[in-house]
Each structure stands twice: as structure tokens, then as C-alpha cells.
Amino acid sequence: VNVVITNPPRVARQTAEALAACGVATVHEARGHGGLMQAVLRPIYSGAKIAGAAVTVSVAPADNWMIHVAVEQCQAGDILVMAPTSPCDTGYFGELLASSLASRGALGLVLEAGCRDVVKLTKMGVPVWSKAVSAQGTVGETLDSVNVPVICDGQLVHPGDLVIADDDGVVVVPRLAAETALDRSRAREDKEAVTRKRLQAGKLGLDIYGKREKLAEKGLVCRAFGAPTA
Amino acid sequence: VNVVITNPPRVARQTAEALAACGVATVHEARGHGGLMQAVLRPIYSGAKIAGAAVTVSVAPADNWMIHVAVEQCQAGDILVMAPTSPCDTGYFGELLASSLASRGALGLVLEAGCRDVVKLTKMGVPVWSKAVSAQGTVGETLDSVNVPVICDGQLVHPGDLVIADDDGVVVVPRLAAETALDRSRAREDKEAVTRKRLQAGKLGLDIYGKREKLAEKGLVCRAFGAPTA
Amino acid sequence: VNVVITNPPRVARQTAEALAACGVATVHEARGHGGLMQAVLRPIYSGAKIAGAAVTVSVAPADNWMIHVAVEQCQAGDILVMAPTSPCDTGYFGELLASSLASRGALGLVLEAGCRDVVKLTKMGVPVWSKAVSAQGTVGETLDSVNVPVICDGQLVHPGDLVIADDDGVVVVPRLAAETALDRSRAREDKEAVTRKRLQAGKLGLDIYGKREKLAEKGLVCRAFGAPTA
Amino acid sequence: VNVVITNPPRVARQTAEALAACGVATVHEARGHGGLMQAVLRPIYSGAKIAGAAVTVSVAPADNWMIHVAVEQCQAGDILVMAPTSPCDTGYFGELLASSLASRGALGLVLEAGCRDVVKLTKMGVPVWSKAVSAQGTVGETLDSVNVPVICDGQLVHPGDLVIADDDGVVVVPRLAAETALDRSRAREDKEAVTRKRLQAGKLGLDIYGKREKLAEKGLVCRAFGAPTA
Amino acid sequence: VNVVITNPPRVARQTAEALAACGVATVHEARGHGGLMQAVLRPIYSGAKIAGAAVTVSVAPADNWMIHVAVEQCQAGDILVMAPTSPCDTGYFGELLASSLASRGALGLVLEAGCRDVVKLTKMGVPVWSKAVSAQGTVGETLDSVNVPVICDGQLVHPGDLVIADDDGVVVVPRLAAETALDRSRAREDKEAVTRKRLQAGKLGLDIYGKREKLAEKGLVCRAFGAPTA
Amino acid sequence: VNVVITNPPRVARQTAEALAACGVATVHEARGHGGLMQAVLRPIYSGAKIAGAAVTVSVAPADNWMIHVAVEQCQAGDILVMAPTSPCDTGYFGELLASSLASRGALGLVLEAGCRDVVKLTKMGVPVWSKAVSAQGTVGETLDSVNVPVICDGQLVHPGDLVIADDDGVVVVPRLAAETALDRSRAREDKEAVTRKRLQAGKLGLDIYGKREKLAEKGLVCRAFGAPTA
């Protein structure tokens, strides 16, 4: 049956906000390389960086009815995550839905499908990560579900999970793992700040990470250009 | 035989200009979802928005001879629409051809192939919707035709048809349907302006479009998170 | 065996700088249509334009160990060119490696794989031409080689070769052909400057390039719209 | 409005049958390189070779209602040609529809979308040229039209046009051009039979087609391996 | 942490065998259109049709170490399901691993990556559904997990879940839903047998499914070719 | 300048024949994972397995003139390797050229482009590895070169190099490395024969390759389903 789940527990807002600052690449690393969508989704404009609780929606191909249903479930700080039940580049989302989403305080949209009105969305500051830009219209005939687990661009997203999106892509963190992810991301940032300074000063990664010794051990040969190969 | 058709009847310029303001997504909807290219073509820079009469050109793969022939057929307000006879990403069009096109008052280029000199074209303000950015050069050996019907990115374009292109893509409107398309697009804009205000005020699409009742009718279940499924 | 070749002869720096100004499209034409990568690589931001000597690195899929080794071989004016041994979109390169690359005076990176931290790289002004934007992390387990010939996006690159990259793509010029390429590119620019003026003045390419006569010879028919086909 | 056009004039059946024997590659050449679909569609099994009159159907994405409508318009010797209004790989067509199509004497299906039950269709001998194999189901909610012009894989198809499909792809010939296409295809076959024998006997294409002289004229250099470049 | 889960509960073998006979398309429909992989995976040879319990394995890109670990967890009737942690077409699986898999009675392999030795696998009768055919070798350096939930080609697979694969693709059924899926698939087959006979007898789907009345209701117009549009 | 190099030194025929029996996957492994094309090229029919000396040809997009020139350079046991100068799926090669190639004793064709007449080629037993099947015709206007180094599907091929092609893909071995590749491939086959028997007898790869110990060392945890995570 098709269902709308109301009021799922959500990741805490301050945790989400703190993780937005860390960014997708850092959080993905801090999580041990997990949760990253497959790089098929791209932002419609550069520089957006959001993090919030997922409101999930599963939709029929080229049918945007359930997005309207999902918008009603959105609260301030949420990110709408949409997955069609079969691959589809149709333009499900445009300026009017963005107005509605923004009026509820939602932060943006992640969808494995197409998006339209990209200039207007850019002006409105409603960021979207989509698989395509397409003005192709939708119908409104087929039911599906809201706030059920969905798979979006290769990642499983539960309602209330933390979603972080910036120019590097989109990463998902299970709700209960968000605090730990924040701690580890901050620890990583601190460590990277030290590393960055050393690299900027000309020190090499091979030495900083202690990877020079293993090179010889594994048999890497170093030879001046033109020298005989012996 | 290969042919150049001169002076095909063109969509009226004021109609084209009025429709440019409406944009691709609106016109596509106003036309009942018809005429949209398949989202393979992307603008080389953001923010361009043009509408004009198509001058069409069919070209051999990697051969730009006929573009030179087509430029001669261009007038102020025209948009050149180019389709290769087999799939090809070669860079057919660059700064010099753009200079020539601009000197005739043409507005831009839509081509199911590659484009180069994109920084220069951006500075010149000659917008191009292309399938690829490629510096790959062409030859000039094989004849083809100008101002014959072509299929570009999945849409049939007749010379003189109205072409509208912006960041959402490219839509084609048959010449004789342009006036009606303008009327319907304006009606749609008026209606959307009302809807937009209501959405911004927090009213939901489900209620505005009267789609809430059908949800229950079709069997959608609403359930609080954690509630028993009965 | 895996090897690092040190100090390969490099294309002269002033030659590289002069060719950067010519740009990819011009150099590719001046070289007789050779050396262009296949348009799969795209710049992470618009407007960058670099030319320098290639430091090449072959890497295992999703393994960035050898980039650290390659950075040590980079000098001021170099461009790092990276090719994985099998197709891979993983995000090999980000802000920390960019800091290291920049500290050595290298100009940028060309890689047939993924790149991350694109906003930071844009702010730092470290241009990258990549196949994908991906935050996906790498491991550091498998050796490969530095400054050996690699094939990147369909072109063979030797260490020390001239690499030119801008918004139109990436072109490779063998080290010993760089001087000639510069001469021919300048000659081409001079010729194009004249052509550009004529085109801007409304003269047509058909006449400038003397291609009008051949049209009739090859059998092109010119016919007014609606005229009988005879 | 959505419309079903009944009884369009069809290409003569004996013409179609004669052209099936010629095959796609020959007819495409005989037509001067026109009418070929873009090689996105592939047969679900090898060795099928059909030619017949097109019954065309435009469908909404992931909605197969109109195929049922189109089947009713099919007669013996027809080929159903289906194009979705936006790109879609859903499995529109399977064994049950194939049973229905076969019961009317139709020869097969060409669709720019997905197909399922491929093993059963192979056993039934109902050939299909599709963009994808997919079991993904469809809905039946949205009207569209039958026997209107459609664009399928880059080619315009009118109802009644001749469609030829084999392992090389699909080619479309306008109804009124079919007789001429047959004459030219047969002439081409006769000529190729002569050429084939000469080639099999070791004579070279360069000599048969008289293209050897132009090589030197255009400046081709012939040099033994290792000889100085002069 | 990386983990191997031993002896997860598995779908009953006789249920799996019964569902193999139903095939992917029928089970997918019987499940209400759920569980179907995205059609990116294709069988390496035609005609294979298997169903069994999933043994799942997550692997690093281009690293096949964990497949060896996973094979040890396989029992008679199992199907190995492999997902790389980032997109990768490398040839993870060939004849030697197939020998090992077969010696344990496993039925085949589903992997969102590449496969090699396809001729030998065909002769051995070890069916594989893969994203690519590639001889590209792997390394064995990085740990990952066995019998944890994985996402393969867009579907979530838990260890012990039912996997069905044939020429139409791959469908996943949660372990506890397998019995119901079997009942519904059989009911569907019975119903389709009746429908098939009626279709073969020339009855139309429009009538069988009662969809003719709605056509007029929704406004479909029927018109003889050449008749005035009124 | 465009050039035809005649009589390049070729890999010895008996070496090639011996390596054909080893197959692409074994030779690729024996070479340390080098020389494999990128899996974009697929055989037009299953089961072909050839190895021979490369005759290389570079061609303009959609222009097959130089293939005719290259055929003249082919001898018994050669394999023609064709690379277009820019990406192109056009059907360069069909039955007539195949007749000519076969009359010279050449074994087959590897081309990063399209091929047609696939049913006829299959009947003739002329195997082709191509990027696409397309009936799209070519022109014959532009010169290029024969027996110069070309890059085909990501690999550098010199004339006279050993090319091996089977259902797993295409691998290139430099002429002077062919003998060593044969020795190593045979050694690998001997070793694999022993391994195969052990695997068939139920022994596991983890034990045969001694990779079980490292699992625990790297921290892999083994846990029965449902057991507490501690």
C-alpha cells in the first residue's frame, strides 16, 4: 500500500547546521567513505551548501503528484529527497513547487530526476541537486509514498536521516550516526588544518603521511631521465 | 539533391520576442507538453534567453561547409538550428562563425553537436546550445541542405519555426502555432502568478489544485511514525 | 616494474606561456587537428587557461598514492597529468593535494578521473580538468609509475610535453614540436584577426574562404521558398 | 487533442517484402544516406529482418495504454513504431502484447523505450528493436495519439511509411519513395555483386572505385618502414 | 568495522525454485512493481534463469579480496550479489572464482561491475549478470564486508533475500515476502494464461482490460485518414 | 603530412597464434595488467578469438577512404586496427570491405567506431570488435595515415604490434614483448590449471592464495547472524 508517514524523528537541527560547514567531502571521509551518492546528481548552481533532515518521497516516472503530498510533510530545516521508481529525467520540480517548499522553511531538494526553471530557482536561492535539467512536464495520476526509505542515486535514505549537499555532491548520514559524524568531521578538520599548513610550507604528503618508506619496500624504482635501466 | 531554400516565411518577430520572456518551461506547458528537445543540449553559459525564427541546416559529420552557406540565409532575429546527419560531437562552431552570425543580427545557435571558443562566445554574448564543448576541427568537403526540415535533439524543426532557448533547454513551436502559444503562455503566466502568491503564503498545492480528495479515494494511507500498521 | 623518472627534459617555459595565450582551439588547428583530448574532461571552473610541461602519473583505480609521489617531481610551471589504469571516476584530488601542488608552483591538474573540493579549489585558483566531480575517497596501496608515457582521455602524453588547457578542453603538443606550434598558432591568429574583421563587416565565409564556387560545382541547388522543384 | 487516425494509406506489401531482402544498410545507402535511426535501438535477438508499413504511436512516459489502442489499428504486414514523449527505458512491451500483435499479423515492434519477456518473444518469433531490456512495469492513465507522425530515435515516421529493421538497425522510407528505393537498392545490389567478386579475387577497392589517383594528388606519401623521411 | 556475517536466515529453497519458473517480469508485477534492478546489469549469455538466497558482498573499487571471503559463505542454492563502494567496471569475476562458486553449489553471480572469461563461464554454465564485460584485473588490498545489506544497481539487498535473475533482468524480494510473492505470481500466471488465449484468438486488450470506455471519456478522438478535423 | 608506411616489422605469426589460445584475460594478467582496451569495443558475434600483427589506420570522422588504403597493406595473419581522429560511431566497415580484407588473409578488425552488415560478417566469419553497430554510411574525401601509431579505445598501438581479441575484449602487446608475454601466459596457464583443480575440489581461494591470515590482521570481524556486536 501507499503510505504517508508523518512526523518521523529527525536529526537535530544544530547537528545538521554544524555538519553543513564541514562539507560533503569531509563528512564522507569522516564516515569511513560511506554514504556518498554516485556523482550522477549535480547542483543547479555553484556555491550552495546545505544540511538537514530528509523528507523522502518515492514517485512514479514523470508523475509529480506525490511531491505535493511530500511538501506538506516538510518543516523548517528539512531537505526533500525524491527517487522515481524507474529511471526518469523528467523535470519534476520548478519554481512553483520551490515557492511552496521555501514557504515551509525547507532548505532544498535532492532528486534522481530532472529539474526546471533553473534560473528562477537560482534567483530564489532554492538549491537543487538533480540528474538533469529538463523542462519536460509531468502528470499527476499515480500514488506512491512519503517518508518511507528510498534509494536515491545509489544510497539508502530513511526519513529523518541527515543529508548534506554541496558542490562536491550529496552524502547521507543515518540519523543516529550524525553526532558521531560531527565529532569525527571536526577532528578531521583539525588534523587537516595542521596538514594543510605543512603542505603549504612545501612539506610533502609522502613524508607527512609516512608513505615514503613503503615505496622502496614495495619495489618502486627511481631513475634519472635517460639513465640506463640496468 | 542538396538544396538551399531562400526566404522561407518566418514567425513574426514581435511574437518571438514576447515568447522569449515567457521562457521554455512555460511555453512547453502551454503547448500541452510538446516540442521540447531532449535535454541533451545545454547552454554554453547561464542566463541567455532567446527566441527567433529557425534557419535550419543539415550537415555531414565533422564538416562545417554548410554552416557558411546557412549564415548567408540568416537575418536579424533568426536562430540557426544545426543537425548532423549522424551523431557527432565535433566542434563545428567557434568565434569566427559567431562573428559572422552576429554581423547578420542572428540571435544564437542550437546544434546537436559540439561548440568551441566558449569563453570568447560568452564575452561576445553569442549564446549556443550544444551537445558538447569540443575544440575538434572540421573539414569542408560534403554538401548538404539549408532551410529544409531537420530533426534536432529529437524535435522536428521547419525553417521559419519559432525556437525558444534558455537555461531550461530548447523548445520548438511550429510557425503557425506561435500566436496561440503566446496567448496560452500569457494565460498560464497569469494563472501561475496567482498560484505563486498562494503557495508563498503557505497554501499547499494539494489544496490549490484540488488533488487532496483523490488521494484518499485512490487509497493513500496516512500514519504517524511508529504507529501500528493495523 | 614501477618507476619514477626524475628531471625529464621539459618544454621551455616561455614557449608554454606564449601558447597559453593562443588557447586550445587555435593550437589544435595550428597542429593540423592533432593532440586534442576527447572532450570527456571538463574544467571545474570557467575561465582558467594554463600551459606548461607535463608531469605524468599512472595510478591504480581509486588509489592516490602515486599522486603524492608525482607531486614531488613537480616544478614551477608544470601541469600534472594523471591517468588511471582502468576507467574510474573516484575523487583522487582535493584541497590538500592542491595545496601541495601549488606550493611547488605547478599550474594545475588534468586527470581522467574525479576531483573534489571544487569550491575550495576554485577559491585557491588551482584549475583542474576532470572527468567527474566526486567526493569519493581513495586508498593508498598500489604502486604505479611517474613520468612515464600515459594515455589520458585518448591522447598520448610524454613527460615534459606541452599541455594547454582552457574552457575548450585540453591539447597536448610533443615537446620538440612546441616551437613550431607557437609559430603556426601566431600565424593563424594573425590570419584570423583579418578574417574576423571582414566577417564582422558582414563579408561571408563562403567568399572569404573561396568556397562559393565549389557549391555549384558539386551540385547545390538554390531555390526560393515555394518555388517549383522543376 | 489526442487522436487515432484509422486506415492511413500504407506502402504496398510486396514492395516492403522486396525491400526486407535488401536489408537496412543497402536501403540506407540507396537512399543517399537518409532515414537511418541513430543506432540506439538494438534487436532483442539476432537474425530477424522485417519490412512493413508503420503504425505509429506516441505514448506518455511509462504508460502503455495507447499501445493497446494502436494494436487495434494494426493489420497484417504492419510494424508498430512507438515513441515516448520524453526519454524513458521502461518495459512497455512484453509477451501478452506480442500475442495480440501477432494475432493481427503485424511483423514486429520498433520502440525508443524498453522491452521485456525477451526470451518468450524470441521463442514466439516476434522481433523487437528497443532501447533497453527492462521488466519495469507501466501504468495506463494518460492518453496520447495513434497514427500521427512521431520521431523515433531521431527519425520522423509517418503512418504508412516503410520501416525496415534488421541486425544493422532500423531505416525509414517515406511511403511514396518506397518504389524508387527498391529500384535503387536492387541496382546497388547488382553493382555490389560485381564488386564483391572482384574484391574476393583480390582486386583492391582503391582500384575498383578509382580512388588511387586522388591519393597522390592530395599529397599522401608512401614510405617503407625505417626509410628516411627526407 | 568490516564484518562477515555467517549463516543469515535464507529464503526457503523450494520457494526460490518455484519463483525462478515464474521469471523476473511476472514476480516484479506480482510485487506491485517493486524490487527491480535498473536494467544496467545484463546477463553474459541468454537463457539463464535462476533464483536463490542472496549472499551479499561489498567490495572496494577494483579489489576482489572480499569475493574470496564471500565464496566461503556460499551454500547450495545461493546467489552471490556484489556491489562496489564506488562505480567501477573492472572485471572482478572470472573462471577461477566461478569454479570455486560452482564447487559450493551456488547458482550464479549478480554484480554491479565487470566480469571476464565470458566464453568459459558460458561453457561452465555459471550465469552472471554484470554491468560490463572486462578483462581488467583487480588487486587484493582492501577489506570490506560480507552478508551486510548492499545496494546493487539501485536495489537494497539483505543477505538471505530472494534474488531472481533471467534475460529480463534481476529482481529482489525480501526474504519474508517470498511466499506471498510466489502465491501472487502464480495467481498472475493463471490469469495471464486466460488473457493470452483471448489475445491469441484476436480479442483486444482494450476490451479484455475494459479500457475502451475510458478512452472516449478522456476525450480520445477517432478519425479516418484524410477526414476533416471539424 | 599523411603517410603510408609499408612493411613494418611484424610480430612472428606462430607467437601470435600461440597467444590467441591463451586469450585476452590471461595475456592481460601475464603482462601485469597492461595493454587492455577500455571495454568500449565489443565483438559483433560470440566465440571469435584471434591474434595477429596490427596494421593501423587513422581515419577522419565518417570517412572510410583510408581503410581502402590500409587494406592494401594487410597480409595473412594481420589484424586491422582503426581509430578515428574524433569520436564517431559511423558504420565504417561492412561486407564489401570484409571481402577485401579476407581475400588478403587478414584475421579481423578492431575499430573505435561503428560496423555494419553484422549478419553477413558473422556468416563470413570475419570478426569485428566495434564501438557500435551502425549502417550509417561514410564519405571518402579526407586523407589520413596508415601504419602510424594510433590510440584505439585508450591503448597505443604501433604497426606490427600483437593484438589479441576475444569475447573478453582486446589487448595489445608491443611487438618486442610478445615472446615474453607468451612465456608468462603459459606459466600462468599452468599455475591456473593447478589452482582450478583445487578450487573445483572445494578448496578456497583464501587458503590457496594465503589471504586468510591477513584478514584478521587487517581487522575483519566474523560474527554469526544475530549475535551481539559486543
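Letters A, B, C, D, E and F mark the chains in the order given here, with residues in each chain numbered from 1 onward.
Rule of thumb we're sticking to: contacts are C-beta pairs under 8 Å (C-beta built on N, C-alpha and C of every residue); 3 or more make two chains touch, one makes a residue touch a chain.
On a predicted model such as this, the values are computed, not experimentally measured, just so you know.
Chemist: Which neighbours do subunit B and subunit D have in common?
Modeler: Chains that touch both subunit B and subunit D, as defined above, are A, F.
Chemist: Taking each chain's centre as its mean C-alpha position, how far apart are subunit B and subunit F in Å?
Modeler: Those two chain centres are 42 Å apart.
Chemist: Just curious, how far off is subunit F from subunit C if you go by their C-alpha centres, in Å?
Modeler: Inter-chain centre distance comes to 28 Å.
Chemist: So which bits of subunit D are touching at least two other chains?
Modeler: 33, 36, 39, 86-87, 89, 134, 136
Chemist: Should the pattern of chain-chain touching be classed as line, ring, star, complete or other?
Modeler: Shape of the chain contacts: other, as it matches none of the listed patterns.
Chemist: Between which chains does touch occur?
Modeler: A-B, A-C, A-D, A-E, B-C, B-D, B-F, C-E, C-F, D-E, D-F, E-F
Chemist: What does subunit F use to touch subunit B in their complex?
Modeler: Listed in rising order, the residues of subunit F that touch subunit B are 60-62, 86-90, 134, 136, 139, 141-142.
Chemist: Give the list of subunit C residues in touch with subunit A in this complex.
Modeler: 1-9, 65, 68-69, 71-72, 89, 91, 94-97, 99-100, 102-104, 114, 116-119, 122, 132-137, 140, 143, 147, 159
Chemist: Spell out the part of subunit D that touches subunit F in their complex, as residue ranges.
Modeler: So the residues of subunit D in touch with subunit F come to 23-25, 28-29, 33, 36, 39, 42, 46-47, 49, 166-169, 171, 192, 195-196, 199-202, 204-206, 209, 211, 215, 218-225.
Chemist: Quick one: in the complex, what on subunit B touches subunit D?
Modeler: 33-34, 36, 38-39, 85-87, 149, 151, 154-156
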